[in-house]
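Okay, so subunit A shows up in both of these, paired with subunit B first and subunit C after.
Showing the complex of A and B:
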């Protein structure tokens, strides 16, 4: 296992993203955040702190997820379509290493975009004297771990489907999994005994992206930071789910004719 | 494109953008007509007005839901399903000491279930730990006044959003103080200016006059001032009953209830009977209107 392989692959993904001017999108989205904050300021900000924080975490979560999906779901199809996969595979690297390296790059791009947006959002909130709380730091770490899961899922789906179908399904899972999960919880009690294991299976298989979102605790008052076991559990879940997902992607990619 | 052409195009594009921005202000009267348009509404005949109007309504409705969320300090709540009610499940209820009493809590539960009702085990535990979840049995609410700026914002964004005006006024009135009552009246007056035929707003004004404030000039029910608003709500409602939304129909039912009270307390049983008979045709299953009919008949018989 040569770490240089992964860093080199990840570097190409980041450079490609810069070349494509993806970060311009981030800048435009950031401008929208500042503009929204300015509009709120127009109303006088007294009493709107909770709403401003709510808006900030909603926008941050939304934009960063969109960027993560769009970045990671096109990596493999683009390499195949542009035939840049041949020179890559001609080098002494396996397809598994290629996948892992690309994932690392996608995660880095998503994190960079997320942190840029987070800094802009924090600046907008600071203007309105929203105080920093330790839970905000945990929120950032949580979201960053969540982005890893989203990137792994998007890359895997793009190995099995067309790029647009993969991206669409990723959006469905990223934004709809908590809704499906809640529907399962609501329906479980009234479901026949024989079907209940199916509910449990779906619940385990679904990407629980919403677990990584501590926005509700950041926005509302007196919630405080979560305990250490929670952060470690999230880390464990991220490792487990991302590894399992990317392994599934590898199963398809290793036999894929290019 | 040559550099010369580019240099001409840039100011032209900026000017065009500025002009279109300036012209957008003309959409205001279409999106928010002071009086309802005759025939097709603006949002039926103007695509831009429809799009902008829907966007504003969507944002205002979202803010309204967020305000409810903030009252519960971020704990997401949901209504029990019919199956759950049939199975005998109870809502979390609210604390007796809770002064807010803004809605019925007997049929709501937390969206994230408690551990005892969650089959997901570790994942459920993790969700309860990371989300804004707590046991809400006999819960209390945050001070509703913290949500007031949101009501200002949502009614500014969408002046036709009647729940924003009426709930905002309820919150202003909530602390039972004279300034609060005045502010509620002023807030509703602004709402009425934008929505002169809103049954909900007219009824809410009537309700404000009918709700006594002990130890203040509003210590008695002010029937004289309440009646014109309630009567206007009644006439708007009766004339357009088939076109009313569910919310407006609910508001009209309240109108009839308050009208019954007004006519009873002002010693006008004949007017009371006429209004309640009319109301019972529209709301045959409402027990309060039915009881008012009996009361009116009793009062007439004693004349």
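Showing the complex of A and C:
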């Protein structure tokens, strides 16, 4: 297992994303957030700590997820469409290594975008004199782990369906995660005993992206940080779900004629 | 000695979604010896690219056995020995040639100063050293083809598989490429390439393999083919009859006969006979036959 294979592939994804100005769009959005927050602060809307934090976590979650899905869902289809895949596959690497390297690149792009936004949002929150709390750090880690799951899911879906269909499905799973979970719980509660395992199975198969979102705890001042085992459990879930998802993508991609 | 390429009874089938299937290659067998330059010819849709893709592991053959220097084709071990130039390839538009080659080099297991030096040397060799830090998207088709050629030469591979090698290159570029490929052969590399440019095949190849509708039509060394295609023509005046040794013979109203022969020996026999009969030889021509005519004729016969 040569780590250079993965870093070479990931570096290409990040460089392409930087030069295609994807990340600049994120930086500009962040600047707009600061400007808006600064304007609100200038006109004396201070004391709106909850509103500011709510806006911050919404913007952070929204833009980083959109970028993660758009980046990872087009990686493989673009390689095939643009025929950049041939010289890549002509190297002494396996298709599994190619997928893993590309996934690493997509994760890095979405993390960079998320962290740029996070820094700019933190600056914006300073306008509202919001103090730093440990839950904010947990929120960042949680969100970064969630982005790994989203990237793996988007890449895998793009191997099975058209890029737009894959991206749409990813958006549904990423943004509708909590709604789908609630619906599954309601379905489970009202279903006959014999049918309940079906709901459990669907629940296991679908990505529980909302688990990684601790935005609610950040917004509410009185809620403290979560315990360490929760973070470790999330880490374990991320590893397990991402590995299983990307393995599914590999099953489709490993023998795919290109 | 292990052949550089060994293809035994290859079959490649593409399956469409509606249950239809297309047999791109059927029962194809051939081999390429180390150090040979072999041209892989066939009309559009003959199965050339499919065969090359099967050798690279881009498509899964549904029959046959393929080996590269004894390793199963399509595996990382076999690809370690191959430099591949695809028929049509884009190179990441937002990377420079140096960055592109650095990535491919690292995937090949090269790194550090050795890789950097090799990249600089290769870019100079293919004539785009001056543009090594320009973005690929700002380059012409010919320059991108040179980036492609450079990437195929990374790591000094033992076998070069080139799909439509001169595509996009101007005449100067083609000549430079021929010189480069011959130099690679002199260094011991094996070259296997597909092309529609028969002039390239003529100037480069030791041997050619001709396929049509996914099947082998002919496998010939260029020297025997050229001998066979060479035409010997004799123009003479006199009563000598050489029709028994001529391939073709026409006598005009002015008494001048034009006879063509399959080989030099027949022609020499005819000149002897004409002189003995008191005839006058007006012209002797020895000219190379057209590879294009051979190609068209052979394909038409196979069809």
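Here is the rule we use: the second predicted complex is superposed on the first by the 249 of 258 C-alpha atoms of A that agree within 3 Å, B and C clash if a C-alpha of one lies under 4 Å from a C-alpha of the other, contacts with A are read in each partner's own complex, and residues count from 1 in each chain.
Everything that follows uses one rule, which is that a residue touches a chain if its C-beta (ideal position, glycine included) is under 8 Å from a C-beta of that chain, and two chains touch if they have at least 3 such contacts.
Keep in mind that this is a model prediction, so the values were computed, not measured.
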| item | value |
| --- | --- |
| Superposition on subunit A - do subunit B and subunit C clash or fit | fit |
| If touched residues of subunit A are counted for subunit B and for subunit C, the larger one | B |
| Touching partner for A:89 - first (subunit B), second (subunit C), both, neither | second |
| Touching partner for A:203 - first (subunit B), second (subunit C), both, neither | first |
| Superposed arrangement, angle subtended at the Cα centre of subunit A by subunit B and subunit C, nearest 10 degrees | 140 |
| Touched partner set for A:9, first subunit B, second subunit C, both or neither | second |
| Subunit B versus subunit C as contact partner of A:20, first or second or both or neither | second |
| Gap in Å between nearest CA atoms once subunit C and subunit B share a frame through chain A | 19 |
| Complex contacts: residues of subunit A adjacent to subunit B | 40, 43-44, 46-48, 50-51, 54, 142, 181-182, 185-186, 188-190, 196, 199-200, 203-204, 208, 210-214, 216-217, 219-223, 226-227, 230, 233-234, 237 |
| Contact set on subunit B toward subunit A in their complex | 63, 66, 70, 73-74, 76, 81, 83-84, 87, 111, 113, 117-120, 122-124, 126-127, 129-132, 142, 146, 148-150, 152-153, 156 |
| Subunit A residues within the subunit C interface of the complex | 2, 4-5, 7-9, 11-12, 15-16, 19-20, 82-84, 86-94, 255, 257-258 |
| For the subunit C and subunit A complex, residues of the former touching the latter | 14, 53, 56-60, 76-77, 79-80, 82, 84, 86, 88-92, 94-95, 99, 102-104, 106-109, 111, 135, 148, 151-152 |
